[in-house]
Amino acid sequence: MVYCSPTSLIVGTILLTAENLSCIKQDRLLFSQLNFSVSAGNGLYIKGENGAGKTSLLRILTGLSQPAEGSVLWQQKDITSDFEEYATNLVYLGHKLGLNGNLSAIDNLVFWNTVNSIDDTTDLYELLSLLGLAGLEDMPVNRLSAGQQRRVSLARLWLKPAALWILDEPFNALDVQAVELLIDKIKSHITGGGSLVITSHLDMVTRLNCDVLHMEYNI
Amino acid sequence: MIRVLNAIVKREFKLAFSGSFDFALPLLFGVMVISLFPLGVSPGPEMLQKIGAGVIWVSAILASLLGLEKLFREDFRDGSLEQLRLSGQPFAVILLVKVVVHWLITVGPILILSPLFALFLNLTPLMFEALFLTLLLGTPMLSLVGAIAVALTLSLEKGGILLALLMLPLFIPLLIFATSAVNNAQLQLNYNGQLGIIAAMLMLAIALTPWSISFAVKVSQN
Amino acid sequence: MQFASLSEFFSMGGYGFFVWLAFGVSFAVLIGLYWLGRWQSKKIKAGVLTELARIERIKAARKARQNKSIDQGEVTQ
Amino acid sequence: MWKWLHPYAKTERAHQLAGTLFPWFALPGLILFTLGTVWGLVFAPADYQQGDAFRIIYIHVPSALLSMSVYASMAICGFIGLVWQIRTCYMAIAAIAPVGAVLTFIALWTGATWGKPMWGTWWVWDARLTSELILLFLYFGIMALYASFEDKLQAGKAVSVMAMVGVINLPIIHYSVEWWNTLHQGATISKFEKPSMAPEMLWPLLINLLGLALLSGALVLQRLRNEIVMRELRRPWVINMLKEQ
């Protein structure tokens, strides 16, 4: 398995392309004919009111949902043609954190590392203390607060050298320090040649110098 | 790949046996259903021997239904299933491993305690042998086919009764052949035919279900 | 013609009750299904009107909100 | 603009097609069904063993045969829908399932009313009645599953999978039940089996089969039209069509 580590990409190459995407949820057309691309060293900030379909769009970009029309391309190839390869280049943080509440932060991350075939070189304890979770590493995740749980899930951004980050409201429940930490991490990811698709209701994202896609609530 | 599967197996066992007795609930449920029958029908040893195979199999089906409900549910709710799908590993294989481990954890105890059931319902040793073999070959099929329905109802709040409505009709052939095998054993007849049919159904399930389960999960995640 | 008289036809050789019960209920169920479909289609038509009204409300609310934000000098895309 | 309108155009076309086809199914179906029923009830000879109770066969056998094949057609729709991603197929499943359930119910009901004079009891665990009962559960499962989803596209995919699982199981269920039946009560079954039928008995049966098939088709088309309208409520063509009426 070959990783597309962010640094190996030339800034400006188009990585992710959305072609004519449209999405229907509960018989309502959320969006249609959406075209955009995200290149290496660039981010896309998706803005829009509740119910505009931001999360649905993000899930389509990850390949978890199928669009009603159109396709998502990764380096000019349809993601469904080799989904496993696409997935190795992707970190997705959604509304659901993907952490089992009965397992500790360490157990969760070690498991995630293994299934993602990431060799354990990072010191997880060090990483978790960087995220402000020192001393909570081996506590079952459901005993942590919402913000702490989200920090655990953010650790994935440090662990997997993926070219594309798709982050759905990553700042939710985070305190100021954690927000700053995450913004720094995202900035270094982008300057390192990675690319990013992000939604947020916070204006923090304007500091990231991203392209903006405004989605309207479609009746 | 082996490392990944190993990690999944370990995680499932850890979750099943860490503190909670959830894994034993289907077994307890099965034992209780079985012990209701002598009370409800008649405690006469001959009567029990006659209905024994059917009772044990119906209880096994209900118990595995109860156990299956939990399969995937927690992982779907907390998003682990999404992360697994985005892990770059073949999703169908991962899910198949989860089903197999789930079968070991919830149905395994039922198999181990099946001598007790045979004792309760006055089955002869020959009948027990047939019962054990049919359970061994039949219950994996229950788990595999049931997993499709479970995966389809993941995103629904009220899974339980709908799940029963979807799955129970599909299990009728298994019930018929399994009980008839045990009844044959009671009459000291050959029951290889029935076992063969159950084995064939299991093979068919192994061949077709992994793909269907992963497709069904994807439908739920959509 | 197998029956000499009408009353003989209705009695169906003594099985009249069962034969007419079988046919009667079957016809009733089929006709019932047809009428259910008719009734549904009427209900849908009524539903469309409420749906259209809802869309109008959303549009109006959005317009009002846009006007307000323009008044406050916000830039909207 | 046109490109994303394309899939809706398809449902619009399906809606029109269903509307055009409806009278072609309904009228011949009605005529044939009436013809077959009158023939069966009035002109066909009575069975020498069962007398006039035998005439229930003219509704029981067509509905029993159709209930099975309707399930198969539902699974075919599901397969087409999943493979080619056609939303109209999912809607067709939703339209077919209640019709199939009604046919199954008719088969069960007429079987019971036939059984009472023949066996002296309303219900016997006879092979055909048992498989029809299981089939009814399968239909109920499909309908309940479809109704449970908020998102009907997801519902359509789910019932497609379920219908295909069901259709693989249906022959297994059918033969296992038949086998089980011969095992347990070989004696009663012969009474219910179709006697070798004289042509004057067979013709009305075939006519009724065709008539009921066409009528079921008409009912499916009617429900399909409803389902399409319900699902495409926001499309301009639906709104215009409903406003015109």
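The first chain written gets the first letter, and so on, giving A, B, C and D; residue counts start at 1 in each chain.
The criterion applied here is as follows: contacts are C-beta pairs under 8 Å (C-beta built on N, C-alpha and C of every residue); 3 or more make two chains touch, one makes a residue touch a chain.
The model shown is predicted, which means the values in this text are computed figures rather than measured ones.
Trainee: Could you give the fewest steps needed to travel from subunit C to subunit D through chains in contact?
Mentor: Minimal hop count between subunit C and subunit D: 1.
Trainee: For subunit C, which other chain has the most distant CA centre?
Mentor: A
Trainee: Taking contacts as defined above, which has more of them, B-D or A-D?
Mentor: Taking the two pairs in turn, the one with more contacts turns out to be B-D.
Trainee: Calculate how many whole Å lie between the centre of subunit A and the centre of subunit C, each centre taken as the average of the chain's C-alpha atoms.
Mentor: Result: the chain centres lie 45 Å from each other.
Trainee: So how far apart, in whole Å, are subunit B and subunit C when each is placed at the average of its C-alpha atoms?
Mentor: Whole-Å distance between the two chain centres: 41.
Trainee: On a C-alpha centroid basis, what's the spacing between subunit B and subunit D, in Å?
Mentor: The separation of the two C-alpha centroids amounts to 32 Å.
Trainee: Could you grab the centroid distance between subunit A and subunit D? Build each centroid from C-alpha atoms only and quote it in angstrom.
Mentor: Here the centre of subunit D sits 47 Å away from the centre of subunit A.
Trainee: If you look at subunit C, which of its residues touch at least two other chains?
Mentor: 55 - these are the residues of subunit C that touch more than one other chain.
Trainee: Quick one: which residues in subunit A touch 2 or more of the other chains?
Mentor: Answer for subunit A, listing residues that touch two or more other chains: 219.
Trainee: Residues of subunit B that touch two or more other chains: which are they?
Mentor: If we look for residues of subunit B contacting two or more partner chains, we find 222.
Trainee: So in the complex, which bits of subunit B are touching subunit D?
Mentor: 145, 148-149, 152-153, 155-156, 158, 162, 165-166, 168-170, 172-173, 176-177, 180, 201, 204, 208, 212, 215-216, 219-220, 222
Trainee: Within their complex, state which residues of subunit D touch subunit A.
Mentor: Those in contact with subunit A are residues 1, 3-4, 6-7, 150-153, 231-234.
Trainee: Which of the residues in subunit D end up touching subunit B in this complex?
Mentor: 134, 137-138, 140-141, 144-145, 148-149, 151, 153-154, 157-158, 161-162, 165-166, 168-169, 172-173, 176-177, 179-180, 183
Trainee: Would you pull the subunit B residues touching subunit A in the complex into a rising list?
Mentor: Result: residues 3-4, 7-8, 11, 14-15, 18-20, 74-75, 77-80, 82-90, 94, 221-222 of subunit B touch subunit A.
Trainee: In the complex formed with subunit C, which residues of subunit D make contact?
Mentor: Checking each residue of subunit D against subunit C gives 37, 41-46, 51-53, 55-56, 59-60, 63, 98-99, 102, 105-106, 109-110, 113-114, 116-117, 215, 219, 222-223, 225-226, 229-230, 233-234, 238-239, 242, 245.
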